[in-house]
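Just dropping this structure here.
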Amino acid sequence: MAKVSIDRLKKTFGSAVAVSDFSLDIADGELVAFLGPSGCGKTTTLRMIAGFIEPTTGTIRIGDDDVTRMPVHKRNTGMVFQRYALFPHMTVSQNVLFGLEMHKVEPTERDKRMRTALDMVRMSSFHDRYPRQLSGGQQQRVAIARALAIQPRVFLLDEPLSNLDAKLRLEVREEIRDLQRNLGLTTIFVTHDQEEALAIADRMAIMYDGKIQQIGSPEELYERPDNLFVADFLGKMNFFEGKVSEAGKFITTSHQREIFIDGTERNVQKIGVRPERITLSAQPQGSNALTGVVDTAIYLGSILDVRVRLDSGEFVSAQLPNRGSEHAQHISEGARVHACFEPKDCVLFSE
Amino acid sequence: MGQLKQVSELQTAADADARITPFPAPHRKSRVPWVAWLHRTFVVLMYLFMLSPLIFVVWLSFFKDAILYFPPSGYTLSWYHKAVTDSAFVNGFLTSLQVAIIASLCGVTLGVAASLGIIRYAFKGNNLVNTLLLSPLLVPGIVAGVAIYLAYLQVENLLDMDVVGTYGGLVLAHICLTIPWTVRLVSASMHGLDPSIVEAARNLGANSRVAFWRITLPMLRPAIVAATLFSFVVSFENLELSLSLVGPGRTTLPIAIMQYLEFNLDPTIAAVSAIQILLLGVVMLVTDRFVKLSQVV
Amino acid sequence: MDSADKNAPQGRRVGASLAFPASVMVLIVMLVPILMLFRYSFNVFDNGLMIEGFSLDSYLNFFSDPYYREVFLNTVYVAAVCTLLSLILGFPVAYFLAKSQSRYKSLFIILLVFPLMVGNVVRAAGWMIILGNAGFVNYFLQLFGFTDQPLQLMYTPFAVIVGTTGVVLPYFILTLQSVLEGIDFSVEEAAQSLGANFFVSFYRVVLPIAAPGVAAGTVLVFILCMNAYATPVLLGGTGITMMAPALYDQITKAANWPFGAALAVVLVVATLIMATLSNWFIHRRYVKTMVS
């Protein structure tokens, strides 16, 4: 296992810039997720690290080695592909043995490692089956075993769960996380599914339009997004436009409502509040209480998703935990409520 | 729909996770059942229409009488004996067999190499080359046959040696038949290969060369085998191209059958035809194991 | 970098040299002779020999000779009828196969491929057995008293049409079927739920989507029919003459190479034009805005 250092990686295809100014240091044993919408450059970056694409400029180091121009087969990065990519003409065990043979592992040791790898993913009993005889989830597990058998320095996963159905996705995701922790694998996990990323990453790099938007732990990114894209991409956020009138006070553009915020930051154009931070009550509570009327209240089982039409005309989304019908009596369509939140719940943006 | 499932069933169902088939055809009872029945009967009739010539050929080959007459007075195998001992047919069979084997082996070698060159290495004008290699399929067999015949005559004059009616001349022309089918089959297979499989091999430590020989080529094996068998059939049953290129004492089985049929229709020729049907039918069935023939044709 | 292999200069050279032998073979053995043949069509035929030159005599002879005009028109007529029949008879079968979920489906498909592989000559032989004076149809008709004398079915345009249709029908069905396989038939159900009966939904919804497959199938079949040799010779005999047998005879028996070559050119060009036109027509008429 090794650390990975990426420095100002850039990739252009003709005049199109796929990835620009990508810099990241991944610690030994850390799982970093590359998250972002389609076309944001996350897969391109991963493939540059794997060696399938040559960067235009920038460097990639694995451990102490500069691998930027190193051919794929010499990098010793184990990769799991979105559509499994098992060798169809080989059995499960032959698939796993292939990498070991390429790495010139001694025959007896080869066999041992193959069995260990298959045991890790609980696919030992399928060792002489062919990929076409396996289900998607089983094939993916074999692909994981195959990548891990060679004891790679870095473990790369390219949207490994997107071809699996919902229930299986959770299962395999947990297995990957457990394996990764137990083996202390430095791992890069590419996905477009934020829940996936939030669930397993030590740190996440959110990408958009070829650039890193923010890097941090799931909590950092969710609670303290750096920019509007990250704020909006992870979960939902209510935005208010306006400007700071004096320290601690934010005046909204529409209807000049006053919102109390933390800190002395003056250059604030927007503030954001997460729906789960808003409580709805008949009486004003706390520092900020915006009046409005309940527009829709959707019962989602464990939560209540409420849209409130503020008197100032905007809509805010509030997410309330389901505490039972007595607690939600005042939440019905047309009811007058106060949307309440604290200054610390406000995230400040200068755009 | 109100059906209870056992818990274990649910678990295995979840484990057999969906390889989602695009557009599973909706299965519902036709509101007008007699239309469906009519449809099915029509389809059966059409199949009979397409297959009946072959059925009759085989049936006739067992008729006792030497002259075609319905109903047959009895059945016999003697015509088959005649078919396999008649020197004209035996020679024709052997010639066709030999030409088909050589033409398919050569054609496949050249065709596979060409496919690899065109697809793996995008060189300038590779689309043009691809079209060139597939062009024999567009030309009417008769036109190609007479054109080659005339060209051979010119070569004969030029080089003062026999070309027309020779074995080699026939084989060369047949190779031009097998190359396009090979290119078509192998190219289609190569395009259908999942590129991430080769990437996986390289990621696991295989360099380009190893990845090609250990991964790409084995994955192409079904297509290559199918191309060989298919080329064999195309060459063996060919008539139009070969017509102008055979000579005295050397002819192919289809031509021998045709020449006989122009004068005579009897159980003997039916037996010979039935043997050809059997041979090519078996090869076709074997080919189908390697590649879905319906997509090719 | 490995991935950049194929675009490197050495890669390109390797590719070209791999494709070289096959290209040379096809070029020299097939393409050049065909070009030579086309060139011959402009030569002169004098006293049994071909003379180099440039003249349109052969073409003029062809178009002015009522016999050959008839040969050409016969060919087009037979091809058109067979194509039409294939379309009418084949579409329901292709439709059936595409929607079939029976486990015998692959068997049905193999049964279609099978006749294509065994050769046109043996299939023509089969039709001779069926249509001959002593053949099965006549036996059947006489058995049930439909006729006293055997009907002359062989050596007629009818026999050629029946035989040729039988030969090309599987090609049409297979081509169309593979296109229909890709269609989501729930569009049919959608149409019907919106109030269209079966025929309307078929004509307005399924047909336009199937149009490219129909076009491909009919063009293929038309070309095959125009170029047919064995079936017209064996089943048509002297009762009807078509282009491919005619040009063969001119070159090998009459040794009138320029004329035979002209026939070949006319055949290929006419086929190409008609095929392209019908393809274009079907696409225009039926393929609406199908952007994938």
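For reference, chains read A, B and C in written order, and residue numbers begin at 1 within each chain.
Definition applied: a contact is a pair of C-beta atoms (placed from the backbone, for glycine too) under 8 Å apart; a residue touches a chain by one contact, two chains touch by 3 or more.
Remember, it's a predicted structure, so these values are computed and weren't measured experimentally.
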Leader among chain pairs (count of C-beta contacts): B-C
Chain whose Cα mean lies nearest the overall Cα mean: B
Centre-to-centre distance between subunit C and subunit B (centres being mean Cα positions), rounded to whole Å: 17
Gap in Å, rounded to a whole number, between the CA centres of subunit B and subunit A: 52
Centre-to-centre distance between subunit C and subunit A (centres being mean Cα positions), rounded to whole Å: 57
Per-residue multi-chain contacts in subunit C, two or more chains: 2
Contacts with two or more other chains, residues of subunit B listed in rising order: 202, 207
Contacts with 2+ other chains: residues of subunit A: 51-52, 71-73
Complex contacts: residues of subunit C adjacent to subunit B: 2, 5-7, 11-23, 25-27, 29-34, 36-37, 40, 89-90, 92-93, 96, 98-101, 108-130, 132, 134-136, 139, 163, 166, 169-171, 174-175, 177-178, 182-186, 189, 198, 226-227, 229-230, 233-234, 244-245, 247-248, 251-252, 257, 260, 264, 267-268, 271
Of all residues in subunit A, those that touch subunit B in their complex: 50-52, 71-74, 76-79, 81-83, 85-89, 98-99, 102-103, 135-137, 143, 146-147, 150, 164-165, 167-168
Complex contact set, residues of subunit B against subunit A: 14-19, 194, 196-197, 199-207, 210, 214-215, 218-219, 221
Touch list for subunit B against partner subunit C, complex: 22-27, 32, 35, 39-40, 42-43, 46-47, 49-57, 60, 67-71, 110-111, 113-114, 116-118, 120-124, 126, 129, 132-133, 135-136, 139-151, 154, 172-173, 175-176, 179-180, 183, 202, 207-208, 233, 236-237, 239-240, 243-244, 254, 257-258, 261-262, 265, 269-270, 273, 276-277, 280-281, 283-285, 288, 293-295, 297
